[in-house]
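Structures given as structure tokens follow.
Two complexes follow with chain A in common, the first pairing it with chain B and the second with chain C.
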Partner chain A sequence: METLITGILLGGTYALIALGLTLQYGVARIMNLATGETLVAACFIAFWLFASYQVSPLWGLFLIAPAAFVINWAIYTWLLRPLVDRAKTAGMLEVDSILATFGLLFLFQGLMLRSFGGAYTSYTFLAERFEIFGGYYGLNRVVAFVAACLIAGALYLFLYRTRYGTAVRAVAVNPNSANLVGIDVASAAALAFALGGALTACGGTLLSTYYTFNASMGVVFTMKALIIVIMGGVGDVRGAVLAALILGIAETAVARLVDPGLTLAATYALFTLVLLFRPQGIFGRQQT
Partner chain B sequence: MFRRHMMTLAVSVATLAAATGFAAAQDTLKIGASAPKTGPLAGGAAVTHWPNIKLWIQEVNNRGGLKVGGKNMKLELVEYDDKTSGEEAVKNIQRLATVDKVDFIVTPYSTGLNVATAPLIARYGYPHITTSAATDNVPEFAKRWPNSFWLLGTSKQLAEGVADALVKLRDSGAIGKRVALVNVADAFGLELFNAGKPALQKAGFDIVYEASYPLGTQDVAPIISAAKAANPDAFVAFSYPPDTFALTEQAQIQKFDVGAFYVGVGTAFPGYAGRFKDNANGVMGVGGINADSKALQEYRKKHKEVTGADPDSWASAVTYAGLQVLEQAIERAGTTDKAAVIAEIKKKPFNTVVGEISLADNINHKVWSVGQWQNGSFNGVAASKGVDGAKAPVKKEAWK
Partner chain C sequence: MTRLSSEEIRIALIGAVAVAAAATLPFFDQGYYLSLALNIVLYAALCTAWTLFSGPTHYISLATAAFFGLGTYAVALGLDYVPYPFLVIAAAVAAAILAGLVGAATLRISGVYFVIFTLGLAELVRQVVSWLQIKLTNRMGLYVFTDFTEQHIYWMLLALTVVVFVTGWLINRSRLGFAMRIIGNDETVARHVGINTAQSKIILFMISGAFIGMAGAILAPRYAYVEPPSAFNPMISFLVVIMALLGGTRRLWGPLVGVIPFTIVMDFVSVRFPNDTSIVIGLAFLLIVYLLPDGVTGRLEQLRARLQRKRSEVEPEPAALKEPA
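Right, the complex of A and B next:
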């Protein structure tokens, strides 16, 4: 039971890390290698707000998420739109975006190093015991998990219950056909990218309440997000959340029952299995 | 005519530039530094390594520079980021030696990067005073590279210190003999584990739980819950900063109470006490300082003034001491000749912020191995012979 709950809480963390990339890669078709840096930047801003102005990270979300939305919108419009316009195929856009965001990664990292230094940073927020069925868990993790559920739920409602959400999903499935039925693909992609950035920033803000981070840690998160997004099926929010939970539970179970040294092996074994048997991802569509 | 004027002008400019350049070269001493500013070890280097270089350069320049053979020479720093990569570090050293032509090189940061660059630093003949490398190969390295000096001790010393501290606690009746032992799976964690496990067993402890976890793991809840299930009297983790913090927080959350709680690198960081406050009290970790030493208190004050941050309570002071050794050796040698400075380092002991350091056989034998947070300072509780000021370890009270 304890293992299951710990695993689900960890899965929540992974879902936070991966949701933003799901939208950016799945809908806007931008393989954002700077997603980890966006996450860490949010960690730093949350820390700064908390340490300097005593703004709780939960309130901080309401400042950080809109700011990230605007910044990511600008990045898409100024930096990535030209790449989208000139790309003749999806493959070309993917390569171009990988290169462009690879550059962004270093820019963000440099800015963070300059502003916050390279030291490990962490702060104490809700580091209290929370009892579930007789086991003890960090209250900050539970709160982050609940927030992740709410955010994922809101995102799900937006994507599956609104007209605009349907348009966004249509772009994820096939941008060319979406264009034919009168969907403004360009603005849907920009929205998806900006929303993805905001989600990633939310993830960072919540993560900072219980993680120790530093300016050069982004790439770890990018890797994790990438695995989850591909496992879940590119562009599918439900798939990403499910993949995140599976990974979290599997890692915790392996760490608790087998050996903590094998968690990475478990992650990659699962990833390989999914690629072997459902190359399109858990919820992904078969390519025709 | 015009052409000739131009020629004259160009030649004069060139001569002037060369002359002023020459004069400048005479009065400044170029110091090269290569260490992580990015990559996995950037966090540790930002606390322990870079601030001390800044402090040292500023201190020396403020008092007019180094006295080299009757001349005052100011220090000029050339610094590079090695991105925590051995290859990059090697390239940086090469560049410092051949392009920047620096007079001296400050040690790189961490065991791995020091070992990676040691052959090259030896080839260019620079003194190599390492202050953040702890490995069991120290005696062998000292022989292989006679220009290298090792100030932080061996992993065996660090691991055996843990056994010493636990024996003291057991003999005083604070703990029993059940120990849970975990380590991060990289060079540092494995070396300490390989030295620590036999040392603990020899001292009569039972290892009731052991596990290793990959570098970068921050979800340590399963490790703590498994360790707790084994019902140990002492918990020992040879960990790195992010996991050191995570293990402590999880132990606190899961009410994992043991009489001795030891975590690895990062315990001595000022941020550790800052984050865990009263709960840090009684936690043991790698390193330690003699908190009562006047020289050290003075150093800590200056470190805070100049760099704006507190030093850690282990390798920070040793890093500064290594720079003091270099500084005093250059002044004693009275020349910037590298071979003469290396010979000088071996000759006489040096007076540093961590006390007297003697490097006759290239190894500093007086090192702290275990420290413990006691009322806001990270006092050394175990050390090699000849180190003054060790305090008695105390039992860890239950987490609040």
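Right, the complex of A and C next:
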């Protein structure tokens, strides 16, 4: 039971990170391998705001998310858009975007190493006990989970209840047809990429309240986010949330019951199972 | 077997002379230049082996560090029990098996899955190896004691590079190479003419992985002490991708053009600005994507094609002159 709840609490943050990536990949068609670096950067900025100006990470969200939105919008418009225009086939865009975001990955990592050093960092925020069903959990984890739910809920309302959200979903399904019905595909893709970056940054801010981080661990989170997105079915919001919870629970279970050194093995085992049996994802439809 | 063309014989001769010249290097210098040359030959072997698979398929493999580490570990584990040459073979087999498993899981579906799977593969193998080692032996690392000095390792790597080149050339002439060219151009077409695309890709990935494993096994004696984090260093995977793409992957010798300058640059940067290596790597990736999508050799070929076109515009083709009026 404790494992299950801890897993779900962890999965909440994972879901937010994966939602960011699924927007970027599903709508803007960019496989953003620098997503983990966005996350770690948000961790560091949340830490810096908290340590230097006593800004609570929850208030920090209101600063970090818009900043991430603007930066990711700029990255898409100036760096990735030319690649989209240049690519003759989907395969070419895939390779180019993978290489370009690798470049960003290392660039961001290098800049973070310069500004914050390579040491493991953490800070104490709401480190109190909180009781759920007779078990005790860190209050910071619970708060992070609730915040993640609220943000994911807001995203859901945006995507399914607003005109702009509908346009974004239409582009995710088929960019050519969306273009035919008068949707500005380019700006919808830029919006989705920026929004995805903002969500990832929110995930990072929340994660930093209870997780020890350092400048070079972005890749691990990129991996996890990618695996969640694929497990859930690319571009599928519900699938991403469910897959994130499954991954959170599986990791917590392996860390508790088997060995904390094997969490990545657990992630890979899940990934391999999905690839072998449902490569289209949990909710994905079979491709013809 | 078709006979060799005069062009091929000429290239083979030039290659043999170059290798022979490179092999004499340890007689001139045993210090810095040998050590730098060793790195160059190491990456030449790794990048060429990487290109065997990734050149024709355009799949970006990040599994290099996993195969390499496996090779290093095979030597470190078995050195007390088995003769060294046998361990190099064992490393190749182990790496090929791993490549086969990864390929079987990912190469049937789209390329993105493959990149993601290989992205964390070295990390996964590292975790599993450290876990097993601590469980079984209660130690983190392993000592590697051999009589090999840097020059022996250098010669072995040089020989391995030659073997990789010859294998690559043989593959290009074989049915597998022909199949790969069709797959690289259009996978749907390849499938329709009856090529088992997944199987071809898996076999090629296994060959490429086996060579990378051997390179790891050969390099192992250079370390006196092998630990999982140093053996499965993910940086190796990324450097191999950069160097191979920088040189260009359309020709077998393309990666060499990237390996030599980039190894020297990385050596310079890691000595003078050790904290900024990531920034250099990041900029290199961006440079390749935006300015050199086909690598330096691709750019050179473009230039040559343009020059030839210009020349043929100035003076009409000889064939056109001969035509009766």
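Rule of thumb we're sticking to: the second predicted complex is superposed on the first by the 272 of 288 C-alpha atoms of A that agree within 3 Å, B and C clash if a C-alpha of one lies under 4 Å from a C-alpha of the other, contacts with A are read in each partner's own complex, and residues count from 1 in each chain.
In this section, contacts are C-beta pairs under 8 Å (C-beta built on N, C-alpha and C of every residue); 3 or more make two chains touch, one makes a residue touch a chain.
Given the structure is predicted, the values throughout are model-derived calculations rather than measurements.
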{"item": "Superposition on chain A - do chain B and chain C clash or fit", "value": "clash"}
{"item": "Which superposed partner A:Leu275 touches (first chain B, second chain C, both, neither)", "value": "second"}
{"item": "Which superposed partner A:Leu113 touches (first chain B, second chain C, both, neither)", "value": "both"}
{"item": "Which of chain B and chain C A:Thr3 touches, first, second, both or neither", "value": "first"}
{"item": "Partner chain(s) touched by A:Val220 [first = chain B, second = chain C, both, neither]", "value": "both"}
{"item": "First, second, both or neither for A:Leu191, with chain B first and chain C second", "value": "neither"}
{"item": "Contacts of A:Leu264 with chain B and chain C, given as first, second, both or neither", "value": "both"}
{"item": "Contacts of A:Tyr137 with chain B and chain C, given as first, second, both or neither", "value": "first"}
{"item": "Partner chain(s) touched by A:Thr124 [first = chain B, second = chain C, both, neither]", "value": "first"}
{"item": "Overlapping contact positions on chain A, where the chain C interface meets the chain B interface", "value": "109, 113, 220, 259, 261, 264"}
{"item": "Touching residues on chain C, where the partner in the complex is chain A", "value": "58, 60, 105-106, 109, 111-113, 115-117, 119-120, 123-124, 127-128, 130-131, 134, 234, 238, 241, 245, 275-286, 288-290, 293"}
{"item": "In the complex with chain A, residue positions of chain B that touch it", "value": "36-40, 42-47, 84, 182, 185, 211-214, 216-223, 225-226, 241-242, 245-246, 249-250, 252-255, 266, 269, 271, 275-276, 309"}
{"item": "Complex contact set, residues of chain A against chain B", "value": "2-3, 6, 9-10, 13, 109, 113, 117-124, 127-129, 135-138, 210-216, 220, 251-252, 255-256, 259-261, 263-264"}
{"item": "Interface residues, chain A side, partner chain C - complex", "value": "31, 33, 82-83, 91, 94-96, 98-100, 102-111, 113-114, 219-220, 222-223, 226-227, 230, 259, 261-262, 264-265, 267-268, 271-272, 275-276, 279"}
